[in-house]
């Protein structure tokens, strides 16, 4: 637990100093939305359904970048070995990196939500408050698998290809559930309409956060 | 007799088809130091990585504090300090922040005082609030020494600690090693050829073709005087 | 011994497959609604079952690798993933060839098709990673972790995809479930081809596994020789 | 016999794919086997002269 707070505090301090990851993530999320606005026919593509879809595309892409960023912070000067050498337990390291990736993603998603409302002609109203927890669940789920997988793909060739290749298929269930739940929330439907989807999201999170927590030590150590 | 800090049995490491280390039998008692010399790629760094638990041996085992090096828990990792050829310091944090971070990871008691003491000890109090990115290689190495020793490790692993240090820095490093030995820590240091640790009584070893040999008195003298004669040449 | 097992499995699978083919083309009656294409089903379903089972094997091998270590577990998982990928591909191809005349489309986001397609992607990523990482001991640990995580994902995928397609009705809601094998001869044919495909899988899996073991042995020998060569130069 | 083409294509693809897979592995396996045999012979030649130490040589032994 001490390791978790120490590493997370250090990561946030580094991020506040440069702001690199935050800016990169926000820019990416916005670009994704812009691309989708032009890729979709504006006559057809409006309303909650498309908006929710666009938001989740942005989430997946920013998540990929966020998880990679959180781990590459440790690659300069061999800092990752410094962490492995220290008494910090590997699970604490995973939790800290997961939290950092999650925070980066949420910042990017915050920006993406604002842009979504503007681009897709929605309203700034309470519907957004209901989307927030859904997005948070989705971001946590993505961060949980992406952090685990980024530690693996960081040591493979073509790592920027391998991470999405592994992470996206695994994320499909949460993606389906998240888009449906967000659509329901944005359309102003009651919670019961999205209940099944929320349950899937929660199950996904429980499963993959604990799997990552248990398996991280096997991917972070060296031979 | 005190239990050895480091003990290896038939230790070997193979990278691909290349046996880097083999059949290494090595013991180190508390308060004793060993200097391991060997050329580039002789396997010195690999040996230290294994002792630190960062790398798994291919054959045999290494016991550190009596524990298999692959299974060193937090309690034991806390008692190991390492200086490698990479500094493990965050370039965008200041010297003080780097030490604060490692002090909190190692659970150092009374961290602020310790950090000040160590910054003074390695002669960096004037640059304490500068970012490490702006440091010269030598300053970074000094800070790395403070980072490695801030939690008073009982096993110090020093991978070519004198490289990139000026004369003052080398003298400082020697003092730090002597002080560590004096408080009962065990030290393993590596060097290209001449171990520069002037005052410390270090047992000398040489790695030749993957195996580690203790150097005898006469060979020691020669090594001390900078005339390294590898065993291979005999 | 092992070689004998592989050979006899091969012979057995050949006999079973020929029997199954005979039953599929001659013995079983043509299904009334779907006509002759329905006969694809007798090999399609067993392929699906194998694809899922092989993934289970990959995960089990991964758990044992992380638990006990040992290259044998990694070779096991590798062979299972590769053979599973083959059957998963065959299932998608046969499904597609069945959907075209039946549904008038090569591909539809039917719940089963979608789940198996994601499974195929997961297999693909797993096998791709094995190619992309050179260090063999690293590969083994990474592959084990991915195998385990992917297997955990499979039930969630199936659940979410099913919910996705039922809540969001499409033109082509699955008819597959309602096949209703009315004729006992259809059941018999399915059972025989199920056995035939399972035995064939076991055979292909063992062939690949034996080959991987051979590769492992080769690497160990090469290491032994390198070590012996260094030793022979010792003083 | 409507759609017989699809049925035929399916079963052809299934068996061609399996056959190719096995043929490919077998070819590779026979190559591996010959390599293993060559290496085994080489290792034997290397270790034979000092076989009395049973492979666990101490290193201090004078080389032949």
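Odds and ends about this structure:
Each chain gets a letter, A, B, C and D, in the order it is written, and its residues are counted from 1.
Operating definition for what follows: a contact is a pair of C-beta atoms (placed from the backbone, for glycine too) under 8 Å apart; a residue touches a chain by one contact, two chains touch by 3 or more.
Just so it is clear, the model here is predicted, and its values are computed rather than measured.
The chain pair with more C-beta contacts between its two chains, of A-C and B-C, is A-C.
Chain-level centrality, scored on Cα centres against the all-protein Cα centre, points to A. With centres taken as mean Cα positions, chain C sits 31 Å from chain A. Remark: chain B and chain D have CA centroids separated by 44 Å (rounded to whole angstrom).
Taking each chain's centre as the average of its CA atoms, chain B and chain C sit 50 Å apart. The multi-chain contact residues of chain A, meaning those touching 2 or more other chains, are 223. Multi-chain contact residues of chain B (touching two or more other chains) are listed as 211. For chain D, residues touching at least two other chains, in rising order: 59. Residues of chain D that touch chain C in their complex: 1-4, 6-7, 9-11, 13-14, 17-18, 21-22, 25-26, 28-29, 32-33, 35-36, 39-40, 42-43, 46-47, 50, 57, 59, 61-63.
Chain C contributes residues 222-223, 226-227, 230-231, 233-235 to its touches with chain B in the complex. On the side of chain B, the complex with chain A involves touching residues 49, 52-56, 74-75, 77-78, 80, 82, 84, 86-93, 97, 101-102, 104-107, 147. In the complex of the two chains, the chain A residues touching chain C come out as 145, 148-149, 152-153, 155-158, 162, 165-166, 168-170, 172-174, 176-177, 180, 196-197, 200, 203-204, 207-208, 211, 215, 218-219, 223. Within the complex, the chain A residues that touch chain B are 2-3, 5-7, 10, 13-14, 17-18, 73, 76-79, 81-89, 221-223.
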